[in-house]
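Each of the two complexes below includes chain A, the first together with chain B, the second together with chain C.
This part shows the complex of A and B:
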C-alpha cells in the first residue's frame, strides 16, 4: 500500500553523499575549488581580485546560513547581524585599540558567538521556532543596525569605521601578511575554505545528522531523547561563528566597517543567494552567491537605482522555476538521467 | 534509581485524571504495565488511549495522580527525560525523518542518548544494531533510500524499528497496523511479538484480529476509565465489553 506524498519529488533531490563514493566526490570537489582559487590571482585584474575576495567572503556567510536553514531548518533573517558584528568587532579593536593578529580574529568570532549563544538559548529553549524565529532574527538585525548607526562614538555612525588595518598573522617565527592586495584575496580564500571544511565536517558528523532529523521532525527527535533545543542553539552559535569570522575578515579585506554590512537588506540578499543556489546543498550557497553577486554587480553598473528590482525579479523567476535551487535542479536532472540510463542511483533500491 | 531492577520493569498510572478544559479525558485511571511482555490497550475512539500514551511520554501532565516507572515517580518529567529513561513511543501517524536515508534514521535511533543505568542494563534491546533491525523488518534493500521513498507499511516498520533500537524499557506503539493490508498487518504482528521478547511492549490497536495475533493481556478503556483487564478470550467473551465496544464495531 502506498500513500502518495507530495514531498517525494522534492525530497528526491536532497543530497545523499555518504559513504566512500561521497567522500571521494567531496574531496574532488574541494580540490577543484582550491585549484580555481589558486588560479584566480593570475587571471583577474587587481580590481576584480578584490571583488572576487569579497564574493568569497559573502559565500562564506551564505554557507553559514545554509547550516541553519538548509540543515537545521531554521530560517534566520539575522545572518547579516552576526556578519556585521564580526566586522565591527574587528574594526573597533583594530582602529581604536590597535589590536590585530590572532586576537582580532578571535574577537571577530567571539563577540557574535556570545550574542548568538544567548539569543539562541532563550529563543530555542523558549520554544520559539520557524516563522517566529525568523521574525525575531529580523528584529535582531534591525536593532543591531540601529545601534551601529546611533552609537557614533564607537561605531562611527552612518559613515562607519574607515582605515581598518589589514591582517598580519604570526605563525611562530613567520608571519603572513594578509594586508597586501594579493594577501587580502588569499585571506578571503582561506576564510572560505575554513568555513567550508568546518561545515563539511558537520555534514558528515552525527551532530549534522541530528540537525537534519530535527529539521524533518523535531518532535520525533525529542521523543527519541535528543535535547533538540541544545542542538539548535549549537547550530545557531556555530553559524554565527562562521558569519562573524567572515564579517571580521570582510572588514579587513575592504578596510572598513559600515552600517550596510549589518542591515536587513544584506540579510535578505544572503537568503536569496542560498535559496537560488539550493538551500539543501553546501555547493548551492557557493554557486548562488557567485551568480547573484556577479549579476548584481553587472546590472548595477548600468541600472544604478533600479538594479535591486531586476535582481529581485530574476530571483523570483529562478525560485519559481527551481524551488530546490540551481544545484537542486542539476542534481535532479543528473539523478533522472542516471536512472534512465539503466544505472542505479545510489539511493534507489535494487528492487 | 533506588531499586536496580531485579524485579520486572513496571510502568504505572496511579489514579490519573487528565482534563482538557472542562473535558475529563482520563478519569481517576489506574493502570499497570510490565507483568506481561506484551499488552494491548483497546477501546472505542475517543476512549483516551492515545492520551494514556501522551501521559506516559510526558506530553500531557496529569491534572491529578502519579506516573511511576519501576516504582520511581516520573510525573512532570519532560518528554526528553522520559525517553532517556527508556519509555519510547511510536506515534499514531507514522513519523520518521523523511529527508534522510533509512540507514541514517536507524543510526539516529540507536545513538539516542540514554541514562547510564539503562545502557548498562542486561537483556534489553541495547545490543541490537541497525542492520539487525533492518533485516528483521525487511528494510535491508532500502537502507540507502530516503525515508520519504518508503511505502506506508515500510514507514510504519521503520518507525517501529527506530523505537526498538532506541534502547526502550517500554515500547509504546500507537496503532502500528493502521493503514496496512492483511498480510502487512500479520507481518507487523510477528515483528512486534519478536520485539516483545526484548522489551515490554504496549500496543494500541483497533483491529481485533491483530490483537488476537499478538496475544498477551488486554486492557479495555472506556470514557477514560478502566472497563476490563484480562486475556483476549476473557475480553471477547465479556458481555459489557461486547456492548460498549465489540458490538459497536460489529455494527459499524
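This part shows the complex of A and C:
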C-alpha cells in the first residue's frame, strides 16, 4: 500500500467521543424497564404472569428483527424460523436426550446461528438483497415449517413436542431453577434484558453505525471501506442468535414446541409488532409487541376466528397514520417541541 | 499512482466507457472535464469498484485492482467523494468522519488531525449534524471523510455542484494545497471551468465515453475556442 507522508505530526489526533447524555438516557430507560419487570410478579395473577413471560420473549424476537430490518434495512420474513428452530433444538435435546442447563441453552442458540450463517453467507455474498432477500427468507420459513411437520419421529409432527423440561442453570455450587411459575417469568425477563443489552451495544458500536450506513446506501458504505456482505451476514447471524435464544426459552417457559412457532403467520406477526412500534427504534419493538399481543389476546377472546382481521385492520390504520410507528411518532413530537424551544439538533428521519 | 488502461464499462449491457486511459501520479492534480452524460461519473464508479470493468485494467501502484471489491480498493488507498456528497445527514460531523475512519484498513480509533488542518470548519462544527451544515461545509465534510482513511488517490465527483462561487474557489485552493503538501494524487471530475483552472495542473476532456483531449491547465485560458469546442459552452 502506498504510504502517504503528510507534513503534519502523525500522533496529533482528536478523540472520537461518544454522547454521554444519550448513555445516561438509555441507562435510565433500562433501569425503569428493570423496575417494571421486577414489580410485575407481585401485581399479576399466576395466569397473567405466564402470559407476560410469553410477551417478553416475543418482544425479544421482535428486537432481533429490529436489528435486521430497522438497523440493517433487510426485511426478513424468516424470523419465526430461527425462533422455532431454537425452540425445537431446546425441546429435542431436553425431551429425547435429557440434556438441560447451559448446554441446552447453547444448543438453542448454536443451531439457528449455524443455519443463519450459512444462509446469510450465500444470500449476501450472492448479492441477494431487498425484495429477493425477503422472498428467500419467506421460503426458508415455509421449508422449516414443512420439515418440522414431516419429520414426525424427531419433532412430533403436527402436535409438536410436549412436556419440555424447564430450565435449571447451575452457577458453581448453586443453581437457579427457572422451571417454577415465577422462575419462568424471570427467565423470560432475563432473556429480554440480555437481548436488549446486546442490541444496545450494537446501537452504540461502530458495527451498528456501519449497519445504518448500509441501510441508507450500501454503495456508499462499500466505498468507505466496508465489506458490506460480511456486515450483513454478521447482523443476520446475530439476529438469529437472539431469536433462537428467545425460541429456546419460549419452549422452556411454555413447556412445548409446536409447528406454529415457526410458521409464516408468526413471522408476519413479528413484522407487524415491529412496524407498529417503530422499526427504527429498539423501544418500538418492545412497545409494538406489548400492544399487539395484549390486543390480539383481548380480541381473540370474543372473536375466536376472525381476530386476525381486526388486528390486520388495526395494523393498516396505525401504519397509515404513523409510518414511523408509535415510538417514531412520539419521537417526532418530542423533537418538534425541542426545536420550538430552541434546540439545535435537527429532526432528520432515517431513510 | 492510479493507472486506468483501456477500460470499457457501463450499466447492465449498455456500454458507456470506450477504452478509457487515465494516469494520475502521486501529488498530481488532474481534472476530468466533459458535458453531462459523457461518462465521467461512470469512470469514477468503475475506478472505485461500484461498476464492473468489462475489459481493460485499473492499477493502483503495482497492483491490478479491477477485480477487487470497493471496500478493498478503499483499504488500499482510493478515497472517493461522490456526486451529491453522500453524507449521513442525521449523524454529526464527528460521526460522519468516524464512519470513514472505522472503514479504513488501519482501524485507527482517532481522527487524524490533518483533516481539521485543511478543513478547520469541521473541527468547529464537529458536534453539529451534517444535515444542518451549509452546502460548502457539507462538501468539506465529504472530502474530510474520504481523507481520514489516508488515501493515496482522491477522486472527487463534481464537488462544486450547488455551492456558491467563492466557496468553490476556497475548496479548490485547499485541495490544491492538500495534493501539493501530502502527495495525494487528485482526480477532480468537474464542469466548473473556474474551479478547474484554479485547482488542476493537467486537464482531460471526455466525450462519448472516450478521452478526446489532454492538455495543461493553462491551455484552458490561452487556447482560443478549446473549452467551447470540447464542452459545447
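Heads up, the rule we're going with is that the second predicted complex is superposed on the first by the 323 of 351 C-alpha atoms of A that agree within 3 Å, B and C clash if a C-alpha of one lies under 4 Å from a C-alpha of the other, contacts with A are read in each partner's own complex, and residues count from 1 in each chain.
The working rule: contacts are C-beta pairs under 8 Å (C-beta built on N, C-alpha and C of every residue); 3 or more make two chains touch, one makes a residue touch a chain.
Quick caveat: nothing in here was measured; it's all calculated off a predicted structure.
Of the two partner chains, both chain B and chain C are touched by A:206. Shared-chain residue A:224: touches chain B and chain C both. Contacts of A:215 after superposition: chain B is touched, whereas chain C is not reached.
Contacts of A:25 after superposition on the shared chain: neither chain B nor chain C is touched. Chain A residues 1-3, 5, 7-8, 12, 14, 16, 206, 209-210, 212-213, 216-217, 219-228, 346, 348-350 lie at the interface with chain B in one structure and with chain C in the other. Chain C contributes residues 1, 26, 48-50, 60-61, 69-77, 80, 82, 86, 88-91, 94-95, 97-105, 108-114, 116-117, 123, 128-129, 131-132, 145, 149-152, 181-184 to its touches with chain A in the complex. The part of chain B that touches chain A in the complex is made up of residues 57, 79-80, 83-84, 88-89, 91, 95-101, 104-105, 107-109, 111-114, 141-142, 144-146, 148-149, 151-153, 162, 166, 179-181, 184.
Taken in their complex, chain A has these residues touching chain B: 1-3, 5, 7-8, 11-12, 14, 16, 18, 206, 209-210, 212-213, 215-217, 219-228, 346-351. Listing the residues of chain A that touch chain C in their complex gives 1-10, 12-17, 206, 209-210, 212-213, 216-217, 219-228, 344-346, 348-350.
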